[in-house]
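You will see two complexes here that share subunit A, one where it goes with subunit B and one where it goes with subunit C.
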Partner chain A sequence: MALWVDKYRPKELLGKDGVDYHLEQAKHLKFLSADCMPHLLFCGPSGAGKKTRIKCLLRELYGVGVDKTQLIMKAFTTPSNRKLEIQTVSSNYHVEMTPSDVGIYDRVVVQDLVKEMAQTSQIEASSQKSFKVVVLCEADSLTRDAQHGLRRTMEKYANNCKIVLCCESLSRIIEPLQSRCIIINVPAPTDVEVEKVLRKVIQKENLNMPDSVLQKIVEKSEGNLRRAILMTEAIKMENEGGIPANAQIPVPEWEVYIQETARLILQKQTNDMALKVRERLYEVISRLIPPHVIFKKLLEYLLPSCPSSIVREVVSEAAKFEHRLLLGQKPIFHLEAFVIAFMEIYLTNASKAK
Partner chain B sequence: MSSKRRLVVSSGKKESHFVHDVTKSFLDSDDDMPAKPKQEHKKKVETPAKKRTKPLVLTDEEDTSEEDELIRGNDKELKKAKKSGKKALPPGQQTLNFSKAPTSSEKREEETKKTYAKTFVNPADFFKNSPVPSASKLPKVVTKVNKTVEKFSKSPAKKVSPSTKENTKAKKVSDDEFVDSDDSFDTFTPITAKKKTPEKKKTPENKKEPEAVKVLPKVKDIVKAEEEPKKEHKKSKLPPPKVSSDVSSSSQVSTSSVEFSSKPKGPEPVLSWVDKYKPKRLGELVGQFGDKSPMNKLMEWLNDWAKHNLGEGAKIKKPKPAPWMASQDGTPFKAALLSGSPGVGKTTCAYMACQQLGLKLVEMNASDVRNKKHLEAKIGELSGSHQIEEFFGVKKCVPQDNSKVHHVLIMDEVDGMSGNEDRAGISELIQIIKESKIPIICICNDRMHTKIRSLANYCYDLRFPKPRVEMIRSRMMTICSQEKLKITKEDLDEIIELSGHDVRQTIYNLQMRSKSSNATVNKKDLSWGPFEAARRLLDSRTTLMEKQEMFFVDYGIMPLFVQENYLNMKNEKHKPLEAIRGLRKASDLISLGDIVDRQIRGGGSWKLLNEQSMLSAALPAMATGGHLKAMLQFPSWLGKNSSAGKKKRLLQQLVQHTHLRVSAGTHSFATDYAPMLRQKITKPLIQHEVDGIPAVIETMTEYDLIKDDAEALTEIVTWPGKIDPASKILSKVKASLTRTLNKTNRMLPYSIDDVAKGKRKGVNAIGIEMDAEGNLVEQFEDEDGESDNEEEKQPTTTEVIVKTRVGGSAGSSKPARGGRGGGRGGRGGSKK
Partner chain C sequence: MKRTEEDLLTTEFAPKRREDLHIHNKKIGEVSNWIKAAFAQENRHQPVLYLTGPTGSGKSTAVEVLCKHHNVELIDYSPELLYDDHLQYEKHDLSQLTNFLIRRHASLKKGSSKIVLFVSELPDQAYLDPITFRNELLSALYGLRHPVIFCLTNDIACWTLNPDRLLTNDYIRTNYIDTITFNAVAVTFLKKALDRASNLLQTPLSNSKLLIIAEESRGDLRAAMNMLQMNSVGKNPNRRTGKDVICASKANREEAFHMIGRILYAKRVNPNAPVISRITNKKRKSVPVPEPTERTDLEHNPSDIITMSNMPSDKLIEFLFENEHFFCSDLSKYRKVTDTFSACDFMMGDWSTARSLPDEYASEIAVRSVMWHNFKGPRPVTMQPIARPVLRELKKQMDSTRKEVQKLSIIGNSYFSSLTAPYQTIIENITDPLSIENFLSRPLEVSWKLGKDQIEDRLEKTNSLNFKGRSRPKKNKNSKMPKATEKVDDEEEEETYTIEESSDDSFDDF
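The block that comes next holds the complex of A and B.
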């Protein structure tokens, strides 16, 4: 059985199964789809509903035909003669792929595959839309080269191919691309909206959930609707018999792990502890927890123990190293640098207090 | 054996030949220049005499029996030689006018007779003034000469092993001669023998020299101009005798002569200290003390060799130890492989070991051609052959039996066996080792060389580490005191360091220094390995510039080394705050260095490499202000990175498999979905055991998960220190789940390959689509021949079932006939 988050995913922009929030935006999208659709750039935090809206939009454009999808591995050859493959999900009308899956070779994907798709036009233009759609996920992790590669393609083949980009942060999309698209910002739902959706799900599942727990979930989810629904289901699974009013929200283990790491950092500020922390950071990174999330969570758990006098410096250090993280290559270097910087700040403050 | 015997026999023949030749040549020359004045003749006469001078020494040393024979044979010659004048002739004019010579030669004879009388009185003097060639008296004289030689050798001034000094020198001569004569054993002995006698006549002039030993150098001086003498001159420079004389004779057999130079004679400035202070006793070896030292192991191995490899011992099958044990126990091996950097004493050790155990050795080094054919020929005749001495009555020979070995083959510089010359040398060597009846010692520098690695499988692995400074220092101190060179301990240590712990280099540098005290010791250009370089880089004593230099040893890995190890750099004097402050500086620099690294690698701005050297390596190493307190660690980043890569592939596969249902990207899948999904597929099994299976299968079907995915999920989600809930599942439940999974004919929208290995061979996705009515339309497009082959090879493993979805719910489905076509499938679809 499907997870609730997938089970109750909205299927259309407006209507009975329509999206639950950002209704104004949904109207705009519907309007866009009715007319000649431009290139779109969806951006917004994780769990806000970008993909859902893209799906709904496609359905709006082509009807249920877009749901008949297939997974296809597409092969391509890099200039260095490496043969690589990328998975695409495609229907008759659209293709969806994540070029950043192939790392630095995403440029080749954009130059070869996307361009090739863009060049071929729909034959039966009368029965369908005259264009098809290429959805590129995780566009913000596209390399510069790949993004530049998209520029001309987007202009030249705009008639028979619309590109929909999906990203979390606009700042990593180059300006020329931004200017070629209509930017659809999908902000995270407000707490009220999250609660509304959750209540809808609970009602459909005939679940009896105390309000206090619901509030906790809303608070914990931080506007990530996906997480909110998953948490709700997790609580339900934890408490098969019925959810008590004081039920604990299960915290994902990776978060617990980071929390413990933060505790270690506060506990002792020495070389050996730094070594221990490094090991743990490696562990977190290797489990594909995004480094910026690690930064955020670490800071979140460190700050409460900081005296107010050093908070400013700590936050600025975190920001500095997160910035460097984006400029650099190896997340561990910057995470470690932040941890040690924090240790120094913390220790200095402690010794001053004495 | 046979070869040697042959040698002796033939030598006898040759001798006669030679005599004949000489006389003939004399006569010939006579004919050629009859018109020349007598004086000139006299001069000319001298040359042959001088030529013979060197060999003369040789006779002295040879066993008496042999000498007797030789002298007898040379009688005639000796007489002739007496005529030789003192002045050196220009090279090339070697002719003698035999017929006209007599007058002068007779005079000479008288002189020599006088000297003879003297020599009788004083045997020592006699040695210098060689015996008069009267045939009757000769035998006596010779014996006396031998005695004197012994006396001299015992004189304290000379450190060379007793009794052999003179002998060895002579042998050298013979050796060389031998080499010159195109490896033909037959020729050389006679020649030397004949040449010796003449010298004795000449020597009379040197009578008054106080020490017999000095004779030789003088002679050399005189003869310098001539070709042969030159050779001898060279020989005199050769290193002092390492091995006893018995060994030398064996060396004659092989093409490459083992060089047993005579000990340095008198004030001989040419002899470098390296040779002068070559270890002669075990104790003089640098860094070879202790039971576990390579030297000791080598000796033990050699000692036990016969026991294990000959007679009864050979019949016992000895299992080969694992490669990493090869340095522990040498019994199964017939050969030893000494490896180590240059100048640590590998060759010396090998020689010493043989000498200590009284084994005769044959060396083949890079100067010999060592291709397959040559090796076969040489070694074939070597094993089981006799020493030439056996035939001259030397009693040193050990009785032949199967319980002992008498020879050792030393293959020096085996890593130099390369190119066309030595083609197939190593493989032949391995073959020889397998069948050898004598121990073989191979010596090389680079053990990890590809060529050597195959050889190493058959060898007792003895590694010579670089000796530590203290080890070298003690020996150097001895040398310094003997050479009366004053040097401070610090300077000495510096020289050792600069020489890269190379004992030989150190001695050379010391000698340089002795000549001019301010001579700068050249730093030995070392090729640093990454570990060594990293150690130096993190060493608090090196300067910033040195650190930077070390960075360039391998600019790829040095930043990683620094990052891995800077946390271990501590300073006891530091308070915790100071320590952490240093670390902060360092980590900040490292973080900056990473940005530069990205610019270099990503943007190709290699001009930033200098900046990176500072930011990533040199400065952080200094910033901590501590010393490396722990063992140098290899960068764990590499390993972590690859394990992260593996997890990433697993996760990507998960995302791909669930793609039809899940909208999340890889990162949010990892943070949000994965824990929940894992719970979904484990919890029912834990709570309801077998009854939970249907629920799990339902979930897995819904998300198109396969068993591998479930395992991948577990791997990604389970954190160290946390209990893996999957471990709580009873094994029988697990088994039954697997069975049920295998039974259920599930439809998957993808093909099943092993992604975790990072290779996805064959494009096995399928292109299937539906037209508007929902009918299945199958599309196959051959990607290329390859995918077809893949298909045939593993038809059973690749179960390709396609499921299409209508409106999000599982729609009609149909097993496809095989996954083919990847690439262009999508396009076909869009056309429709």
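The block that comes next holds the complex of A and C.
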């Protein structure tokens, strides 16, 4: 039983099974696929439907053959003779992977794979496309080295290998790479669009859900459709006998934990508390929650309790440390630095008020 | 050969034959040639060899083995065993050594007239008074009746205890003393030696483990053998597998802790402190010395501390980060310090900056920041244990978890751990403690510090007792669920029996 998220994923760009929003863009993509497709760069927040659109585009290009995928561990050897393995999903027409899985060796993986794909050209005449597609996920966590490597490879094999990049933030993609791709911006769906999709899912599942709960889900989804659908399914599982109007929306436990942490920070501003907060942050980090997500949530829970006079300073500090966090290696340093900075700002403000 | 467990491997498995010596061939040749030459020429005065090298480089073992090879008897200089006429211990001083050197030693073995004197330690007096030692030794060397080998370790950190200070180059040259210097043993040789010793054990260690030991021991054969022994005793069942190796730490790690202490305490020169001399020292009362009110100079130079600590930047900063909050007086100072840490990490992580700056740059900045802001900080009254950075441990666990996640058939899974996994556990009601989804979305009270196995244990317990009040999945509904959840069903059904049994059964099914 697949999750609803996967079950109700649109299969085509347009038509009955087509995507539910950004229709204009879907038409545009269809047009691109009909002609000679350029390299593409999808960007947008998580849960906006980037991957869905990429899948639809591939189906548009090659037909149902793309769905016959297999999981392959591909082995690579670095120049320093290190053996690497990376998980890939591939069909006859495309290959999909996350090169940043192998850390700093991603350049080797990217270049080798593109070369390998480009060397074997399409045999099947029916597909009528002379190129294959390489989908690189999480392109924004590619190292600079890999991005520069990709730049050359991309041009060299442009004829029989097209690259589709998928990322959350354009700012971490180097300019030369951006200019070689057509950038497809996939913004998060609006609340109305989320609601529309949810209603569709509910109707197909024959679920009886009160409007108030639906509204709450839309509110809590933060424009993330994946989250919205997961919430809907979770709420259904938790309330088997029918969903009451005052049902609690399940929220991941770590978010509640961070909320508590934020409360602790506001409660007392001392070195000891800072230590306690650090332990809690370690705990969340150890669960592989991306540090920048933790950062965002923490700020989200801290800000409402801030007096308006310090909000500006807090946000500017947060921006500074978040930037460092993304470029640095040890997230806890930056998280802690922010927590301490916040404590200090908060404390000075409180003592001034007295 | 019967093995007694008490023996140290270093003595028990000491090489007996020349082939077993895993030291550089050139050095073996040098020593061997010297021994041969020592007995080839009769007329000249007896030759003297000054053999040096770091600890555990196989100096004395090489000499022992080669002497045996050439049928030469070694006579050790052991000061404790010498008595004078009235059966009193002689003082361990120079006269003892010179007596030993000029005495005629009778051979213990019959038929062999070849004797070499072997001196592996020098009396304390020698270090106190090098000039007298040199003169006494010189006169003793003229009265020698047998060849002598001085076998001394010369990588001692303390300069006053270094034999090189006594036997200077000049002295050696003018007195025709031969010198051979051993180097620390290379990893390849260490590995060979370990292989040999390991095969003599009842249950040899795995190859990878031996390799780790060889690398950890830093050219010290003795340390390597000790580590081998530490890892081969005990009940550890998977000796041939696994990668965990108990490593003997060398003394200089302690040195690093001293350095961290120096940084954190950031002591400054105190003008009020009484001048401590030998005489006043005894009469000093425990009156607290008033702290200086102004910033005086630091007692120790930060750059020196960094060099002495012998740690790379990132490690040093991790240590400081872990311990700084005890020493920093108020929040505004602490804020500045953490800000610096964050900047340092950013600096080291950034590709272009990291390459254009020397490695110590970040630690220099961090250390100076800490020492500046720890001025007048609250000193912990009792001894403050220095906490080890937990980051490495955390990273190890995260890496292993990440690997598990990558095994799943999802590509581009940045959101998996934060979003999909928590919901998936609710939706599919995953209670299998081994599944990665459950591992990631475990209750936050179950700390990562427990380690993976213990976490899984805890999960199993909590699941079987009460899965957070969630309704149990019903069998018919989950008929199409993937394997992992079917297993859970078994577990749930047999819950009326003991938990252990049911989980065992479910494992047998696979």
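The definition used in the following text is that the second predicted complex is superposed on the first by the 348 of 354 C-alpha atoms of A that agree within 3 Å, B and C clash if a C-alpha of one lies under 4 Å from a C-alpha of the other, contacts with A are read in each partner's own complex, and residues count from 1 in each chain.
Just so it is clear, a residue touches a chain if its C-beta (ideal position, glycine included) is under 8 Å from a C-beta of that chain, and two chains touch if they have at least 3 such contacts.
Just so it is clear, the structure is predicted and the values come from calculations on it, not from any experiment.
Colleague: Would you sort A:Leu14 into first (subunit B), second (subunit C), both or neither based on which partner it touches?
Modeller: neither
Colleague: Scan A:Ser351 for contacts with subunit B and subunit C and give back first, second, both or neither.
Modeller: Only subunit B; A:Ser351 stays clear of subunit C.
Colleague: Touching A:Ala158 in the superposition: subunit B (first), subunit C (second), both, neither?
Modeller: Neither partner.
Colleague: Once chain A of both complexes is superposed, is A:Ile249 in touch with subunit B (first), subunit C (second), both, or neither?
Modeller: Touch status of A:Ile249: no partner.
Colleague: Examine A:Ser91 and indicate which partner it touches, taking first as subunit B and second as subunit C; both and neither are also allowed.
Modeller: In the superposition, A:Ser91 contacts subunit B only.
Colleague: Return first, second, both or neither, reflecting whether A:Leu303 touches subunit B, subunit C, both chains, or no partner chain.
Modeller: neither
Colleague: Give one of first, second, both or neither to describe whether A:Met117 is in contact with subunit B, with subunit C, with both, or with none.
Modeller: First partner only, subunit B.
Colleague: In the superposed arrangement, which partner chain does A:Ile182 touch: subunit B (first), subunit C (second), both, or neither?
Modeller: neither
Colleague: Please write out, lowest number first, the residues of subunit A touched by both subunit B and subunit C across the two complexes.
Modeller: Comparing the two interfaces on subunit A, one with subunit B and one with subunit C, the shared residues are 1, 3, 46-47, 51, 71, 87-89, 98, 101, 137-138, 224, 226-227, 230, 233-234, 237, 240, 252-254, 257, 269-271, 274-275, 282-283, 285-290, 293, 321, 324, 327-330, 332-334, 336-337, 340-341, 343-344, 347-348.
Colleague: Where on subunit A is subunit B touching in the complex?
Modeller: It is residues 1-3, 6, 9, 11, 46-47, 51-52, 55, 64-65, 67-76, 85, 87-93, 95, 98, 101, 116-117, 120, 122-123, 132, 137-138, 224, 226-227, 230, 233-234, 237, 240, 252-254, 256-257, 269-271, 274-275, 278, 282-283, 285-290, 293, 321, 324, 327-330, 332-334, 336-337, 340-341, 343-344, 347-348, 351 of subunit A that touch subunit B.
Colleague: Applying the document's contact rule, which stretches of subunit B touch subunit A when the two form their complex?
Modeller: 563, 567-570, 576-577, 579-581, 583-584, 587-588, 590-595, 597-598, 601-602, 636-637, 640, 643-644, 647-648, 651-652, 656, 659-668, 670-673, 675-677, 679-680, 683, 687, 695, 698-699, 702-703, 716-720, 722, 749-751, 760, 763-770, 772, 783, 802, 804-808, 811, 822-823, 825-827, 829-832
Colleague: Can you tell me which positions in subunit A touch subunit C when the two form their complex?
Modeller: 1, 3, 5, 46-47, 51, 71, 87-89, 96-98, 101, 135, 137-138, 141, 143-145, 166, 168, 224, 226-227, 230-231, 233-234, 237-238, 240, 250, 252-254, 257, 269-272, 274-275, 282-290, 293, 321, 324, 327-330, 332-334, 336-337, 340-341, 343-344, 347-348
Colleague: Flag every residue of subunit C that touches subunit A in the complex, lowest number first.
Modeller: Within the complex, subunit C touches subunit A at residues 314, 317-318, 321, 325-326, 328, 331-332, 334-335, 338-339, 341-343, 345-346, 348-351, 390-391, 394, 397-398, 401-402, 405-407, 409, 411-415, 417-420, 422-424, 426-429, 440-444, 447-448, 470-471, 478, 480-482.
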